[in-house]
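Letters are used for the chains, namely A, B, C and D, taken in the order the chains are written, and counting of residues starts over at 1 for each.
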Amino acid sequence: MALLRHTTDDVIERQALTVNPAKTCQPIGAMYAALGIHRCLPHSHGSQGCCSYHRSTLSRHYKEPAMAATSSFTEGSSVFGGQANLLQAINTIFSVYDPDVIAVHTTCLSETIGDDIPQIAETANNKGLIPEGKKIIHANTPSYVGAHTTGFANMTKAMVDYFATSTTEEKVEGQINLIPGWVEPADMREMKRIVKMMGLEGITFPDTSDVLDAPLRAEYKMYPDGGTTVEQLAATGDSSGTIALGPVCSGPAAEALKAKCQVPEDTLPLPIGLRATDIFVQHLRKYNGGEVPEAITAERGRLVDMVSDMSQYFYGKTVALWGDPDQLVSLTQFLVDLDMRPKYIITGTPGKVFLRRIAEVLGEEDVKKVVVKQGPQADMFYMHQLIKREKVDLLIGNTYGKYISRDEDIPLIRHGFPIIDRVGHQYFPTCGYRGAIRLCEKILDAFLDRQDRDSPEESFELTM
Amino acid sequence: MALLRHTTDDVIERQALTVNPAKTCQPIGAMYAALGIHRCLPHSHGSQGCCSYHRSTLSRHYKEPAMAATSSFTEGSSVFGGQANLLQAINTIFSVYDPDVIAVHTTCLSETIGDDIPQIAETANNKGLIPEGKKIIHANTPSYVGAHTTGFANMTKAMVDYFATSTTEEKVEGQINLIPGWVEPADMREMKRIVKMMGLEGITFPDTSDVLDAPLRAEYKMYPDGGTTVEQLAATGDSSGTIALGPVCSGPAAEALKAKCQVPEDTLPLPIGLRATDIFVQHLRKYNGGEVPEAITAERGRLVDMVSDMSQYFYGKTVALWGDPDQLVSLTQFLVDLDMRPKYIITGTPGKVFLRRIAEVLGEEDVKKVVVKQGPQADMFYMHQLIKREKVDLLIGNTYGKYISRDEDIPLIRHGFPIIDRVGHQYFPTCGYRGAIRLCEKILDAFLDRQDRDSPEESFELTM
Amino acid sequence: MSTDRINTPDLKTPSEPFEVTTMTAEQIKDELTRQYPSKVKRKRDKQILLNEKIEEADGTLTLPVINANTRTSPGIITQRGCSYAGCKGVIMGPTRDIVNITHGPIGCGFYSWLTRRNQTKPPTDEHDNFMPYSFSTDMHDENIIFGGEKKLKAAIQEAYDLFHPKAIAVFATCPVGLIGDDVHQVCREMKRELSDCNVFAFSCEGYKGVSQSAGHHIANNGVFQHMVGNQKTEPEGKFKINLLGEYNIGGDAFVLEDMFERCGITLLSTFSGNSTVEQFEQSHWAQLNCVMCHRSINYVADMIEKKYGAPWIKVNFIGAKATAKSLRKIAEFFDDAELTARVEKVIEEEYPAVRKAQEEILPRTEGKRAMLFVGGSRAHSYQELFAEIGMKTIAAGYEFAHRDDYEGRKVLPDIKIDADSRNIEELSVEKDEEHFREPQTNADIEELKKGDFFQNYQGMMADMGEKAMIIDDVSHHEAEKLIEMCQPDIFCAGIKEKYAVQKLGVPCKQLHSYDYGGPYAGFQGAIQFYQDIDRMVNSKVKDMIKAPWE
Amino acid sequence: MSTDRINTPDLKTPSEPFEVTTMTAEQIKDELTRQYPSKVKRKRDKQILLNEKIEEADGTLTLPVINANTRTSPGIITQRGCSYAGCKGVIMGPTRDIVNITHGPIGCGFYSWLTRRNQTKPPTDEHDNFMPYSFSTDMHDENIIFGGEKKLKAAIQEAYDLFHPKAIAVFATCPVGLIGDDVHQVCREMKRELSDCNVFAFSCEGYKGVSQSAGHHIANNGVFQHMVGNQKTEPEGKFKINLLGEYNIGGDAFVLEDMFERCGITLLSTFSGNSTVEQFEQSHWAQLNCVMCHRSINYVADMIEKKYGAPWIKVNFIGAKATAKSLRKIAEFFDDAELTARVEKVIEEEYPAVRKAQEEILPRTEGKRAMLFVGGSRAHSYQELFAEIGMKTIAAGYEFAHRDDYEGRKVLPDIKIDADSRNIEELSVEKDEEHFREPQTNADIEELKKGDFFQNYQGMMADMGEKAMIIDDVSHHEAEKLIEMCQPDIFCAGIKEKYAVQKLGVPCKQLHSYDYGGPYAGFQGAIQFYQDIDRMVNSKVKDMIKAPWE
């Protein structure tokens, strides 16, 4: 039997149909980013369903409330435009939910209609619907452009556009901006820890740690303790530099900040794996006088130690991976460093730059042996077809990979978004050196579990 | 087929034969404890094989060098006693390996002979074999008494006996002693982190963090950066109090310190799981004015959150667990708190107190439904026989459980000593609230992986 | 009637009034809406009621009027989804052999991919099952600008070439309506072109109607138009029924299928749990339609009755007692001694285990208090299950129901359709002269018609306790306040509410997804539910929430 | 001899002198022992040699004398284990159908439990396999004080009652000898009592001898006394051999078993990889004994020859070339055309893959440098494998070998037994008049005897490069210094050394456990080894060790 019984190895060229996508749409990214502002309520300007779907997906992934409001478009709004809905929403939201910020993102509907959010916000302001000190920000996130990653990037950039302010000529020494990109709360916490260990004052935005991994304390905080405050967002304009992790999700905000407030920026790979974390730490050295504390070097050394000790189990193993470009590039680099062989690399997020970045990581020779694909037909159906043609040892991707995992009997390491059938990703980072140790542990567990399961009895191993 | 094909459900009463032990012998515990002193070389006073076996086992578990010297007894030494060997060893060790401390433990051989270590050390001193400022300490660890845990406890106590000094009437406020017991380096690091977060100055002994999880840095440090220094051990006598985690492994040292230096002590359960960690934090409050920082309460809340979110997957699941008493008591408590059902609880470490402690944790009613056994015939063979009679959903114990796991198709969570077929235990704590989250993650992974594997196709779940 | 029918007693049907420690029901109600802007407050005041039932002299109940199925105020954090979700996700989702192509940007297709737990069990490996797949045209800006019809056509062709399905359905998402893609025309063309594949479309753009309920209606119309009646020869079976409004969440349908089989009842089709195109196509041959979720599907029952003649009854297989009652009602319709005997035998076989479970669990659950805010029928039907283990429902409401679901079908003539729902098509159905059959039963059909045997749904409020709180389209704000003030032992809702509720220390049972558990239908399902609730309301986690230093 | 025999060329047999960047070999040697106390230094100076080979006029080599098999100085961190480890762990461990009871405190039984990777493959589910079990008397203080014989007896009885094995072996640990338990007497009694179970004991207390080598001897004596010869009828097979000193680490024996079978050679027994009691009992029927690990077992070969007549040859199945050579040597012994043809056919089938692997890997491994410090034969035999992929062994030594393992059997008459080894029993063996047979072969046996065909082992040093460093019983200190000074590309040792070596950035290959890999024997094993070494010496991890800021 097979769960995906209609998937065969007969690959036909498709132009129009996407089957089992390796991406989703912009607004959910904007919503996730907005949750990383302290006391911010994301607002979906469109039909109710969008907001419901995004909240559900975020809740399934984080096992946390994901609060957001919606303009609840009806047929009328879609004919006459959503201004009335948004004005009413603003009024209700400030009355009932009292956020510091409403972060409005659009949907395919309001974009097709052509609603002008800044103009509506202006109207709201003129009508006195925005209480003193409260803010409305927005990002245009048409679902028919880019992918969920784009929406995240757009809302992150909106934070700069609306808040960043350069107050002095001199930048604040030792203060840097950290744009972590679309990673888990635990990853953001880990990056902040590293910045702090490097002796730097970091302003991290967006920051979903302590928001989407909130404790259970028998009280419900609509706005948990975490998130970047409006004051911090304003102060980003005075930082000595910006470190943007992941060009797709964090690049636009860093560039906007450079253009708006002349904050120099470095857009780096997401610090997943040893080399990408090295690059991250190296760039932090630009701001702290070059010192790397022994504790960081020791963490790095523990990672190298583990890789060295267990290298035989990594060597030569083939991997199919899918997800978002920023993650995939760093993951691929790390797998290569582990002497593993990425074989199929798939992202639904469109953008040819991805192909170039992967080629850089793999090298001219090796990239030829790998199928790398982006865009609408770079979907999980296609990847599964490739696997049917030639198997791999490991899958790395989101929960939807579990169908392929079971059908093909290939272990799956859940990474990326969404992960809705396991917990742990919220709490334990995969970024940084410690995160890389966790990734190694997961990869090893996958392979060693298989070995324990499949080895003939006479070669069942006690020690590994 | 079956790996353990001779294990049947036909339990016969045994008096003499131990099959597949759930313990090992004292000296390895003494060796592990001694590695937790900075610049200390453990020394095995006995035959070469003991030392070789202990080092091998520790190295397999930690994937790290475990350095120790041996008196290399031959037939001659076993007739004439080991004094000459030990004297020569002391001379060679200080010349070649230059430790600050030699920590001598005995073996069944030297104990049967009756070698008097303090007297031999005295002789060495008189002969000028002990360089200025260097120390020899010892613990009697006859293999035929107690178990590996006993050896750990004895060597830990020796640290008090040899080093602890009370220099003033007044104890140092805010300085406490932390005796972590036989746990992983990562656990010791985690406990120290909690003590520090509570605003206390902790002297942790023994402390194998940064010793048995040392980084790979292309240099070999015979004595890595970690371990409790001799100065710190001396200072334990001036601390305001001692928190000893686990009565079996840490109790004797705490009592000795109380007797010798009048340091008040609390012997607590190992902080595995929520309640045991609560007790740990509660006792730390005695020394810091009662304050618990928000960050700790938040970590606790994250654990509760995870348990609450996933409780359906824990509920009612049965567990067989084996290992060391201190771990088993806290683990059992945690499993009960997760609404799981410990069913067989086995330790080779002798001592009837264990039965009472487990009964306290389970409650009068529930303990009747559980098989709890300690001592020589409380072995993994017996446990396996019980499982053959009535299956459980989960195994928690050391690597040797993998044979049962495969034969009975029951998932195994590796916990305890030794774990020689997976990595991760060195790096990620299971103590403290964060450690409990890791335990939960592992338990859930085990159950959810099974569900994904075994569910009929029509009820294969995307979301869990 | 068999005289030895097994008794299905109420273990406890609590009807005590709504009670909280320090506040009156009225005070609580006021508190819920205090913070709203006045316009919103006015609206919500018509949607939040205390269940004040007035029994008239003739024994009929007069219930407060609830303002259900109206649009949610913008800015309110609501449980509701959209028309697309109701059409593609709820109604069309559970049918395994249709390739469902979402025409729009990728999101809608992605989010509705496998998230509803409609289980399906193809009889063999060779049978189609497209449910684990997500198909989309993944519209990009150029499709929005230049129109998406060409891409849709190509996508249908590609789906056909890849899978050769029996049917392909197309779902229009928000921008599709706006840019004017004629999805129906495209489908007609492709149906013609492909010849051996039924192709049809749904104009279920997310902005249609006020909730997913609009989508249910659109979907059911489509099912009725494009599939029902296509099978021209009568299937086997002495007692043939359809089950309407059962979506096989967590395997509920499997339990019911088994139960019907053991009773000797032929289930021609389920709309749409574990369903197939073939089932829909033959469904008009049923003698009786049994409606589970009144909200999502009652119009299909009406249309079938009008066109083909089979009458419909309301059934409920949530709750052991309700299950027994519903089975007996079906037997009563057919009025066949053998059938009645078999139904009683099944009840007799199943009920002892139910009672045993109730008796074991009741001491731990009795008197505990539940709140249910979900769906268009579950918030009502699950109250029975709670009652069976002695639990009281102190507040309840639907997410996307209409007045009749609260107040009963007697209010149907009074319901005014507002602007937001007006554009949802009402099919005009006529009698099918060829296939129309008078009700096929031994029973005196006219006699049955006199009573409330057919088409009888009393609604939620009649069954609830005095002054229990009834809230339509509950908002997050209201739910949070309600929990804080009333401290229920369990709160039933969906994934969006779950973790917020649990942050308050109250377990939240998802009644959309069953928290990935179930089945909860029928007798075995009832036992499963008792156990799950027992686990939740008695979990040790409650005792761990407060740190000892707090 | 077949003329079309496949050629097995040396791809590269490096014999360049030991070389390091800045220091001479002599300087390095001095550096190793500089820190030792003078007495220790004096001793070590006789155990650390530069391989200065003097070729005499007659072509024979004169080698430096090494002071092997002497006790390790107390306090030295050594690789060595004990007699128990050698007896129970190494020799007796791999036999699956003996219940091996460790008589002593729990530790020894625990540590020797499954840690050596001796694989075993019972032919059916019904066959005994006790290898995954650890049996111990778990002696406690009262047993030490009052004696443990009673407990041992009870333990044997319990083992018998539980498992009904063919044989039970008892291993004495350190305190047993001291307290005077007569394990042999207990076993004799129990053997009598149980009647259908062979029960015997080993006085392998850990303090016996200077290393595990003593234990090998004790074990082999026991095997010879208690099992060899018990099978009184001759087994089938035209060309019957025993393989001595092969312990089936990582499945090596499986590869060899398969190879022999394909050659038409009957392997009567392996001492003791994948072995059984039955194999040992019939082993005296072999026509030829083939010795793999000379160190651990050459005396068994001697004893069998003396008692039963079969001669022995040294073989080596580590390395493809050595494997071919050893197979041909066996064929040469039997001198049978068909056998020779089959041997050549097997070589012909296997060698192309070997050569292909060599050619592929050699460019990546050529010129790289290895150090081997392990075992009593592996440090020698694995040099061949390294040479086959162009790698040089620049330093090597054994953990528990004797002089003959370094210098060759010609020094046997000169070896002095010191006090530490004197008490290891040398069995006095006599010709078994009933079963003794002259060598069973077509070959001219007298001719063969004239050359170095039989009993020929030249030792490690003859094969090593000039001035290569030879170190017996290397200490941790020396190993560390050596690595720091010479920066080899790979270091071969055991688990105790592995992680210290790797901390220095040099990969360490375990040659006891094969790092849980293998098999490495025979042709397929050679390929596996090439690949594993390629992986290790070319791993990317090397490039990651230094942080960019270091």
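The definition used in the following text is that a residue touches a chain if its C-beta (ideal position, glycine included) is under 8 Å from a C-beta of that chain, and two chains touch if they have at least 3 such contacts.
By chain, UniProt protein names: A, B = Nitrogenase molybdenum-iron protein beta chain; C, D = nitrogenase.
Keep in mind that what you see is a predicted model, and the values were worked out from it rather than measured.
A comparison of the B-C and B-D interfaces places the larger number of contacting C-beta pairs at B-D.
Chain geometry summary: the mean Cα position of chain B and that of chain C (nitrogenase) are 55 Å apart.
The distance from the centre of chain C (nitrogenase) to the centre of chain D (nitrogenase), with each centre set as the mean of the Cα atoms, comes to 73 Å. Rounded to whole angstrom units, the spacing between the C-alpha centres of chain A and chain B is 39. Rounded to a whole number, the gap between the C-alpha centres of chain B and chain D (nitrogenase) is 35 angstrom. Residue positions 114-115, 499, 502-503, 545 of chain D (nitrogenase) are each in touch with at least two other chains. Multi-chain contact residues of chain B, defined as those touching 2 or more other chains: 1, 3, 60, 63, 214, 216-217, 297, 300, 304-305, 308-309, 400, 403, 457, 461-464.
Under the touch rule stated earlier, the contacting chain pairs are A-B, A-C, A-D, B-C, B-D.
Those residues of chain A lying in contact with chain D (nitrogenase) across their complex are 274-275, 278, 281-282, 285, 290, 292, 297, 300, 304-305, 307-309, 311-312, 315-316, 336-339, 456-459, 461-464. Within the complex formed with chain B, the residues of chain C (nitrogenase) that make contact are 114-115, 117, 119-121, 250-251, 254, 499, 502-503, 507, 513, 515-517, 532, 535-536, 539-541, 544-545, 547-550.
Here chain A touches chain C (nitrogenase) in the complex through residues 1-6, 12, 14-21, 23-28, 43, 46-50, 52-57, 59-60, 62-78, 85-86, 88-93, 95-97, 107-109, 111-113, 142-145, 147, 214, 216-222, 348, 376, 381, 400, 403, going by the rule given at the top. Residue ranges of chain D (nitrogenase) in contact with chain B, taken from their complex: 35-37, 39-40, 71-85, 101, 104-115, 125, 128-130, 132-141, 143-144, 151-155, 157-159, 161-163, 173-175, 177-179, 205-212, 419-420, 423, 476-477, 480, 494-500, 502-505, 545-546.
Touching chain A in their complex are the following residues of chain B: 1, 3, 60, 63, 210, 213-217, 225, 297-302, 304-306, 308-310, 399-400, 402-403, 405-406, 420-424, 427-428, 434, 437-438, 440-441, 444-445, 448, 452-453, 457, 460-464.
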